[in-house]
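Both complexes below contain subunit A, partnered by subunit B and then by subunit C.
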Partner chain A sequence: MPKSVKSPAPEPGRLTVRKTYKLYIGGKFPRSESGRTFVVDGDNVSLASRKDARDAVLAARAAQPKWAAATAYNRGQVLYRIAEMLEARRAEFTALGVSDSELSAAVDRWVWYAGWSDKIAQVAGGANPVAGPFFNISAPEPTGVVAVVAPGSLLGLVSVIAPAIVTGNTVVVLAAGPQIAISLAEVLATSDVPGGVVNLLTGRYAETAPWLAAHDDVNALDLTGVEHEELAAELERAAAGSLKRVIRPQAAIDFTADPGLRPMTALLETKTVWHPKGY
Partner chain B sequence: MTVTASAGLSDLRSFLHGLPGVDKVGVEARAAALATRSIKTSSKAKAIDLAIRMVDLTTLEGADTPGKVRALCAKARRPDPADASCPPVAAICVYPAMVKVAAEALAGSGVHLASVATAFPSGQAPLEVKLADTRDAVAAGADEIDMVISRGAFLAGDYRHVFDEIVAVKEACGGAHLKVILETGELGTYDNIRRASWLAMLAGADFIKTSTGKVAVNATLPITLVMLEAVRDFRERHGRIIGVKPAGGIKTTKDAIKYLVLINETVGDEWLDPDRFRFGASSLLNDLLMQRTKLTTGHYAGPDYFTLD
Partner chain C sequence: MFEYAPAPESRSVVDIAGSYGLFIDGEFDGGKDGNVLKTVNPATEEVLAEISVAGPEDIDRAVAAARRAFGTWSALPGAERAKYLFRIARIIQERSRELAVLESLDNGKPIRESRDVDLPLVAAHFFYYAGWADKLAYAGFGPDPKPLGVAGQVIPWNFPLLMLAWKIAPALATGNTVVLKPAETTPLSALFFADVCRQAELPPGVVNIVTGAGDTGAYLVEHPDVSKVAFTGSTEVGREIARSVAGTGKRLTLELGGKAANIVFDDAPIDQAVEGIVNGIFFNQGHVCCAGSRLLVQESIAEELLTSLKRRMATLRVGDPLDKNTDIGAINSAAQLARIKELSDIGAAEGAERWSPECPLPDRGFWFAPTIFTGVTQAHRIAREEIFGPVLSVLTFRTPDEAVAKANNTPYGLSAGIWTEKGSRILAVADKLRAGVVWANTFNKFDPASPFGGYKESGYGREGGRHGLEAYLA
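For the complex of A and B:
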């Protein structure tokens, strides 16, 4: 069964409106700067190049300080809005072959992470008891720009994007399932997510991921969607040059299970402040 | 014709107004067409090194401190501390009050020291003040002076006043090179930019410079094209070679390379030389260094690895 949204046969006298799946960079939907496309299940999809990856990093970097500086409450509202918009577009994803239960799980996952936005700091940080006249306080801060090689399923995609952005990171996502990813981008584009916070590239990740792994202006690399051990190892080595955080799951992840806090805490840096106490 | 310092106001006016008008659509289309040239691999590496050698590393802020100027001078001498093959920049450009500090920091490096003078950036001061400003900067160690013209007088049609000021400042410069800032963003039309270019060159400028960097419209490709054409025609007529310096708003390597293409196609590769072409810039240098690092290491560089100023 073709997974794409096929317009039904046009009424007599009407032309079919065919859809081209483009990239999502900086809140806009550009074609690949290389002009390349490929066909997936009968749909034209953009084939991202290393320059698209570079542009996406620029967009993510530009958006990061403001997104991190937004209040946790505000980021939570935006994530909840994503859940609302995804819920409203269920039919579109159903037509792409996403099951009802997966769709519900994906919507619920956005809501779950939205709730964590103003709670994670209390769990991952707090006051530390120290031997001396100091207040000693640890607070988690976002790592920065995260490059993600994402799994193909909708739930997998949501499960890698949401924990990264809820704490104030911005992401460049290399998506495996192009139609689902770009349909999700359309959800994000209509959800008050500032442009550049999430950037989605479709194409062959084996071509673009090494450039992101070695990029000095990327702070972390999530290899959840990489299927080949050898490529994962190679990407991890490339990431070492700029001391990136690397997430490399050792076993296949069951995305329907409770993800726990690890996906969020893996992309947080702890800042500890010593403040003298006068008494 | 030749306009000498003794020529009357009407001569100067009739000469400047006798210059052919600029075809606005044509010059913009020409600049846009040249901007589409693709410069890759080894040509790009050479272009980046040349552009670094052409940078007038500039800091013109009220908040400039001796410490900041010294840091900038260190960067001018050795832009990429991690790579000795990276060439130094052409010059440092500072306010007169900072010239002494910069001169000490640059001693023996071969990096030129430029100072803005003549009541930069507005130019709205009496001539004596402007000349004193210039002499001070030269005495403190500047070997290049970036002066501003009196746009008010120019726009009012008092070309003689502007001409005489440039001549006087040139004299006050002594051995220092004189760059004349036209502040093209305030001149309004390409015709005025062509006239101001000729006026400055006739009065003895060594360089003509687009902007102070302090107004809304700074250097653009079409403006630089008009000035390059003026320089080319001036050489044909008078045999003297004048440099060009676009300043303000040039931030990326891509932009810089577009200017290099423009030079090559307008005045030829003789001008692809730091003695004849400069970029007035501050943030451009970091982008050039990042692109250079990308070419030498094979991966994209990030701003975290370069200095902030």
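For the complex of A and C:
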């Protein structure tokens, strides 16, 4: 039975309205421009194409300056709103097979990152005591557009999206677990996340990831969800063309553990500004 | 303009040997296959010394020595590692005159700069990171950060000893051991640094210096027992290194090229701005990755500013790097001179207007007069490509938004300059510039406490400050 009809539980004598799983690009839910779908657990799911990936990069790039320019307080509020919406839709994810504990951890992770929005700059930056009459300060800034090959689990997906966007990056996510990913997209779409900040593509990442890895308007590449060493190496090589920042964990990540700062700092640039002091 | 009598620094303070081997496991020895290359004084074309070219076997030996040393070095209490680095810093201070003269001889930079900028910063860098060695738990990278292992480091020829300090000081402070390859045209100060390490009684194998050209660098970067690669140099080579490191799990930091915009607004103090422009592009012959090589001047003051700039450029003294009055020394190599000439000729051919002050150049050696191009558009190659020489491209703008758009219209993002008296404008423009270092009403300032590094294709990772530790910690 398709996953989309598992929730709510079917009533006898009533035909359930199924959900169509589409892509999430620029705040909208389009089908793949290619018209292709594939079947996952009985549901037809959009099979994203190279063109969809490029469209998603365009949407992410267009959204990035405004999202980065939003106040940190504002971004924190939006991330907290995501936690609220996810909490409210627990039943839907439960029906997709997500455990209670994972769901709680995913909600709590949004809350955790929401709080980082207006703190990371103080932790990762600050005044530098240079040997001269200068005011010198370093502050983190978002890298820009991040392409993410995401792990399949809900907690894994949240754990790669949240640290990227909390600081002002926008993302194009190649999602492994399509129903979970698109259900999360529906959470995002109702959480005041501006269109284009998160773009989610379902399909075969081996097909779309190389285009994103080689895309000159992508600033960073997160390969956390790539399982095949050979493909990961190929994507890393492709990313070297425009010197993208690459995240490639060397060991399996325990997503229930404290993530630390690295998931955020890996997608931040440090800008240092000097100014002379004097009358 | 006043006539200045020559005031040459004595080169008798430095004793250069006829030939140098590789510094591996605390000892100098020749390369296995006996290949050598010559390093010359670019101001005279005189051969200074023969150096060994390290081949794959030599790199194997150096990496093995560094790996052996890693166990004990990383296990030393941080306070003890710190004291070695403090020792090194002190020895550099004591030998700074000798090293400054050596650097000017091998590199061609004016003694005024090697003496007043390079060497003080080198010593300061070791002092700064020495102090971190026993405080790493407080650096914000977790309660017990670990070193990575053997760091393979490849540095450029523009600030040979300073780039060595930027690489070695943080690596050693964090408990890593290193194999460093200096540039083929400027190997001498790194070889003298090997002697500093011996004087400091640094344990053998903690620092290894291998000389050679691009092949030697590639062997080092690709060596399977290197855990961390750090490179400063061109974006082209940086890309190759990123490709070769892909899939290996090696950590990588890259500090690459730049095409910095130096933006002068109509309310800027003109004389200060002119000094900043001159410092931005003619410091170190323009062999600076963060050089202010694109001048963006607000249209309303362009004429006045250019008049002042040309007047100032006419007072620049080009010549003997060891003369204390020299402002602009020799171009580092014949190859670099050819590249500067080629791009400058292209600039003229593409329609930009070329100007240099009347400027006698020595007969021998590699020289290029300070040059500006006006009427440059964003499509011109001299506005897009890194020239890495004393050549300034001048563009104009009308509004702050246009200035920001033009400044960011480059794949690079290393540095930028802003000249204006209006504080709110500085802060707003600095926010919008996609560059790792922004100098406002100043330019080309460096400090060991100040993180340095680029956005976009200028590379990734930061050197200097607390941030500089991250590249060497797991």
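We take it that the second predicted complex is superposed on the first by the 264 of 279 C-alpha atoms of A that agree within 3 Å, B and C clash if a C-alpha of one lies under 4 Å from a C-alpha of the other, contacts with A are read in each partner's own complex, and residues count from 1 in each chain.
Simple rule for what comes next: a contact is a pair of C-beta atoms (placed from the backbone, for glycine too) under 8 Å apart; a residue touches a chain by one contact, two chains touch by 3 or more.
Worth saying up front: this structure is predicted, and the values here are computed from it rather than measured.
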Looking at A:57 after the superposition, I want to know if it touches subunit B, subunit C, both of them or none. Which is it: first, second, both, neither? first
Given the superposition on chain A, which partner contacts more residues in subunit A: subunit B or subunit C? C
Please indicate which partner A:261 is in contact with in the superposed arrangement: first for subunit B, second for subunit C, both, or neither. second
Let me test your reading of the model: by the given contact rule, A:271 touches which partner, first (subunit B), second (subunit C), both or neither? second
After superposition on the shared chain, which partner residues are touched by A:229: those of subunit B (first), subunit C (second), both, or neither? second
Look at A:241 in the shared chain and tell me whether it touches subunit B only, subunit C only, both, or neither; answer first, second, both or neither. both
Subunit A residues contacting subunit B in one complex and subunit C in the other 241-242
Quick check: in the complex, which residue numbers of subunit A touch subunit C? 123-124, 128-132, 134, 136, 138, 143, 219, 229-230, 232-234, 236-237, 239-243, 245-246, 248, 250, 260-261, 265, 269-276
Show me the residue ranges of subunit B that touch subunit A in the complex, using the header's touch definition. 298-305
Per the touch rule, the subunit A residues reaching subunit B in their complex are 54, 57, 211, 214-218, 238, 241-242
Given the complex with subunit A, which residues does subunit C contribute to the contact? 124, 140, 142, 235, 238-240, 242-243, 246-247, 249, 254, 256, 411, 426, 430, 433, 435-442, 445, 447, 449-453, 455-457, 459-460, 462, 465, 467, 470
